[in-house]
Amino acid sequence: PPAGAREEEGDLRIACASNFYPTLKKLAVLFKEDHPEVALDLISGASGHLYQQIRHGAPYQLFLSADSAYPAALYRDNGSGVPRTYALGRLALWDPRGLGVNGERQYTLAIANPATAPYGRAAEAAIARYRDARPAPRWRTVVAANVSQATQLVDGGNADLGLVALSLIQARRGEYRVVPADWHRPLVQQGVVVNPGDPLAEAFMAFLFSERAGRLIRAAGYALPGGSDAVAR
Amino acid sequence: MPWLASGDAQALLLTVKLAATTTVILVALCLPLAWLLVRRDPRGRGLIQSLVMLPLVLPPTVLGYYLLVAFSPAHPPGSWLARLFDQQLAFSFSGILIGSLIYSLPFAFRPLEAALQQRGPALDEAGRVLGFPAWYRFLFIVIPGIWPALVSAALLCFAHTLGEFGVVLMIGGNIPGETRVLSVALFEHVEQMNYQAANRLALTMMAMAVVTVLLSGHRHDRF
Amino acid sequence: MPWLASGDAQALLLTVKLAATTTVILVALCLPLAWLLVRRDPRGRGLIQSLVMLPLVLPPTVLGYYLLVAFSPAHPPGSWLARLFDQQLAFSFSGILIGSLIYSLPFAFRPLEAALQQRGPALDEAGRVLGFPAWYRFLFIVIPGIWPALVSAALLCFAHTLGEFGVVLMIGGNIPGETRVLSVALFEHVEQMNYQAANRLALTMMAMAVVTVLLSGHRHDRF
Amino acid sequence: MIDFDVALAAPLALRARVRAQSGWLGLLGHSGVGKSTLLRALAGLNPAARRLRVDDRAVTPAALARRVSLVSQTPALIDHWTVARHLRRVARHHQAADLAGELIGNLGIDGLRHLYPPQLSGGQRRRVALALALLRRPRLLLLDEPFSALDDDSRHRLYPKLQALTRRLGCDVVLVAHQIEDIARLCDQVAILEPDGVSYCGALLPGLRRYQGQASSCSVLLGEALSGQAETGLLPVAFGGRTLWVRTPRLPPAGTPVRLLLHADDVALSVAELEGVSLMNQLPARITGVTVQASGVLVECLCERQSIQARVTGLSQARLGLREGGRVVLLFKASAVSLLTEF
Amino acid sequence: MIDFDVALAAPLALRARVRAQSGWLGLLGHSGVGKSTLLRALAGLNPAARRLRVDDRAVTPAALARRVSLVSQTPALIDHWTVARHLRRVARHHQAADLAGELIGNLGIDGLRHLYPPQLSGGQRRRVALALALLRRPRLLLLDEPFSALDDDSRHRLYPKLQALTRRLGCDVVLVAHQIEDIARLCDQVAILEPDGVSYCGALLPGLRRYQGQASSCSVLLGEALSGQAETGLLPVAFGGRTLWVRTPRLPPAGTPVRLLLHADDVALSVAELEGVSLMNQLPARITGVTVQASGVLVECLCERQSIQARVTGLSQARLGLREGGRVVLLFKASAVSLLTEF
């Protein structure tokens, strides 16, 4: 059991929702500076898959989920640690080709699958909100499996616009508009220590809430919990 | 509560349509192509054989991604295709049909080619001796002569399209009645921890497969 | 910068190991099973034929999910298996191997069965007339006699395992060096919009496939 | 006119040129010399043939396949078609529905209509293949041992029917058979295939003699049928100024020119005509040659300006004092003569 | 002892019981009657046979397959093995390496070693299959028309070798052949297969006569070889108190009991012995029966207590006044007699 291992040494396997994976990689570099003896394995995947795997005994010590339902279920059924929100995702309307939303032709709008992806649910809520305010817009919604696929649809030109994660596009070309945070339920990124008391996992969890990590997370296009809507632009 | 959710029933119909269309088109396409390869034995035969296998090597999602790139109306192949089909291919039934065709191609082609190679020439010669023209021999002598292999190829195609998912999910856009097939629906149920619906759908699909295979088996034992 | 990222090279090795093991085990397993079905023609033959097709019908992720449930050490099938293999099956090489075996089963079984059905009995009888015992006929007469079908089945298996991804991802869990195969790596590159790495990996996989097919084709033309 | 010139490619490099009269041509050759391979090339089934000329014109295999029918040693049929479907489809395709009924009757395949080829016996399969080959109304019919699974009786009943049919359809026939008797009965001409090509192509008897070496020799006599009484089964044949008696189950109309086959081994010699013997044919003749062979003494005689051979033992030759220029009487039974002409 | 009892299931429901002496047994039957099907069942290849008894014991098909070799009408070989590999593997499997060399020589398949079965000609394939069948040292060898692609010459050269071999290996043989001559030369006994079973099983000649109806009749004479001069190609045979002359290329040692075959059509009759004729055999005999047939008059005679048949025309019968009890002289050439015994 990890409890018997020396505190600053050993393997740490982190399962991470794929939308946060690039950020996690940067965080890992920072973490290694402080804990050179720790070997980090970063595993990315869909939150749902990772949850299923952990439920069925996957050897992951820390789970960073993009959907609060899964950490909650683990906490409830698996005796995992208390889920803690370390970041809030932001939804953005991406318009890389600068088409504007009110033009004459019909647009294709890519969103993640509302049934399975939190960003999809958020996008759906945002669309409903948008419709409440204006006459029916001329767009057709296409649903991608997850938010990164939605991003790819727009990127490749198959869809004109996308309601996608800000973290995925802010470093890319093209215009985007951040959707106001109150148009949808918060997109919480929650971490959960799979086996409570696991020193390495707890250490990483603590690091996530450090200031250095917070700066990096914000720079990557997330908001920090408790903080204001403090995203640049 | 009905056995299947209403959306699932619609997905079922769409899936059968997709699988049947894919199977028919693939078999109809691969038979002459494979026969040509076997008869003519052209120089580039090995290359064609391996090209046909390529769709299998890529993970479906990745294949789907490349198809998306190809279908994108922003640049050439996609813009031509869009003009040709008079609609954008991605997110349409035609699009997932093309995806399925490409992805299931090896399953139709390979078994048919192997069978034609082993039995075709002898069958063709028997027909030739009886004085039938080439098209007649192919249709009425060679094809029935490799019937078990043809059934097996068609079944593989059909079943594979039923379960196929990565490509369709990627290029289909999950539009109910248009591109939302059973496998996508099933995937969603599992993802949503909707286990009962998932189990029912899985059972339904497996029952369909069993029935299809059992029905197709009847002709096997004619001799 | 090297052609492949270091993690990808490791994944490449693992993938080849997985695909080769899967292919060898499946062919070695399906040949006798299919032969038994063809020779004995038992009552339940149609049912076995359709059961073998089932893995194909389910979307790989869903199949993976059910396998995950089955492998779970918390309850019977998984707890027995864990004791049998002396380790937890999920998230280990043995686990993804079993997943690949199940998922690729139809591609090995069906073409082999079709070929054995068409050519097997005649080949077997030829050997019988020469006075060889059953095992000898099967190994040295029937199997070489259906060589093209065998190659085709093996290729389908191999290529399919290369590209297979849903099952492996689900029950393997993407652990570098243990269960992180090429297809998963490729999927990740695409997912991360890491297009150059993705393209390189895709090209590598396709080149592997072409070489494999071209090599396997040589024996075709022996007669 | 049967006229072809075929060059086969390696591994069986073989050049075969044949030019013969219309009718039945026997193709003789030892096992493995390439008879079947040659027939396949002539039927357009050997795409590797290096040269294919028929009637002095180059032809493609496909063009040949259209006009030539082949019944091979192990005829290939379509395993998933019944015999009836074979007949129906081939007849429809070649507009030969009328012919079908006749062939079915003649070849005795009526009871087989509902069977699939794998259920046929060896002989049945050949007969079905023969019927199908004829249904195509070919210009040239190639038969590769079509009779080897028929017993003597059925064979002999089949021959006249086949000859009449091919004559009516106007198709020439190349027949490969290992039974010399089949060739002798059916063919007017033979070609001999040897590993380095066709070594002989011409009239039947010299061909047979050449093929069999001196092991067996026979003569062909030309005569004209007289009117006989069917009940006796005896046909009188005008042979020059004399009458020969031939046993035959059916008599041709009087006046028909007939060809008769007589084996040298069936002819005995006597110094004078005999009384009180059952031998129906006694022909005075002059000896034109005496050849001593391993198997006896071959005596060549001239009678009514036709050549007849007899083979006797060395003992008899000495006893009767046979030598060139001497006079003898040729003795043979009515049953020793076979009527080659089919009518 | 050849003793089997086989009941085939539908569609070819057939019960065949055969019990005969060891040696060669000819199996006669019209095309499609079920000869090949019966042989397949005897070789253990028909799992649907309803009853399989050999030597009065029930046997399984698998047990039969081990002891019985079959050369079928179109022998199946392994397409991906060369002839050499066939021979090597079968020889190894049955510890018969010594036999292999001998068979290769006797059957003339030496030049075929590097070929694959699809490259063999019809006759070559059969010879290879025959060699393989013998290599297995079977208790019972089943031959289904093995000679139909061999010409007369090769066949006659093959027969004595085959007989010697099977005798040495101690294997019994069931031979299906459509050439009556093959049966007559090789077999001592025949069985006749008809649609409702085996209608005859016993000695050769009554069997042949029964099978061929009265269409052709022949006699078998038993005698003892005397010493002759090989150069003349004539064998004197003691036949009761008389000497018969038989033409044969090789002479058996003096004292060998021999079987001679004589066709009724080759025998002429005379009222008295003749002088000055080449006919080497003149046997005084008593007429024991006269039967008028469609094809002539069959005259049954007794000479030296053996029965000999002659067929003459009705005209001759009248002219010579042939009737039962009368005395005649049987005339036939030395070449009309064939020596059936192989040595």
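We just call them A, B, C, D and E in the order they show up, numbering each chain from 1.
In the analysis below, a residue touches a chain if its C-beta (ideal position, glycine included) is under 8 Å from a C-beta of that chain, and two chains touch if they have at least 3 such contacts.
Every value quoted in this text rests on a predicted model; they were computed, and no experiment measured them.
Asks: Both chain A and chain C are touched by which chains?
Replies: Touching chain A and chain C alike, sorted by label: B.
Asks: Among the chains, which is located farthest from chain B on the basis of C-alpha centroids?
Replies: Result for max centroid distance from chain B is chain E.
Asks: Approximately how many whole Å separate the CA-defined centres of chain C and chain D?
Replies: Those two chain centres are 61 Å apart.
Asks: Indicate the whole-number Å distance between the mean C-alpha point of chain D and the mean C-alpha point of chain E.
Replies: Spacing between the chain centres: roughly 25 Å.
Asks: Can you give the whole-Å distance between the Cα centres of chain A and chain B?
Replies: 36
Asks: Please output the residue numbers of chain D that touch at least 2 other chains, ranges allowed.
Replies: none
Asks: Specify, in ascending order, the residues of chain B that touch 2 or more different other chains.
Replies: Residues 65, 190 of chain B touch two or more partner chains.
Asks: Using the touch definition from the top, which residues of chain A touch two or more other chains?
Replies: Residues 52, 149, 152.
Asks: I'd like to see which chains touch which, written out pair by pair.
Replies: According to the stated criterion, the contacting chain pairs are A-B, A-C, B-C, B-D, C-E, D-E.
Asks: Within their complex, state which residues of chain C touch chain A.
Replies: 61, 65, 68-69, 71-74, 88, 90-91, 169-171, 173-176, 188, 190-193
Asks: Provide the residue numbers of chain E that touch chain D in the complex, in ascending order.
Replies: 11, 28, 30-32, 34-37, 73-74, 119-124, 127, 144-145, 148-154, 178-180, 212, 215, 232-234, 245, 247, 249, 265-266, 268-272, 274, 276-280, 294-296, 310-317, 319-320, 331, 333-336
Asks: Tell me, which parts of chain D touch chain B in their complex?
Replies: It is residues 43-45, 65-66, 69-70, 72, 75-80, 86, 89-90, 93-94, 116, 118, 132-133, 136 of chain D that touch chain B.
Asks: Quick one: which bits of chain C touch chain E in the complex? Just the residue numbers, please.
Replies: Touch residues, chain C against chain E: 122-123, 125-132, 136, 140-141, 144-145, 147, 222-223.
Asks: State the interface residues of chain A toward chain C in the complex, per the touch definition above.
Replies: Residues of chain A touching chain C: 13, 15, 18, 21-22, 41, 43-45, 49, 52-53, 55-60, 148-149, 151-152, 155, 168.
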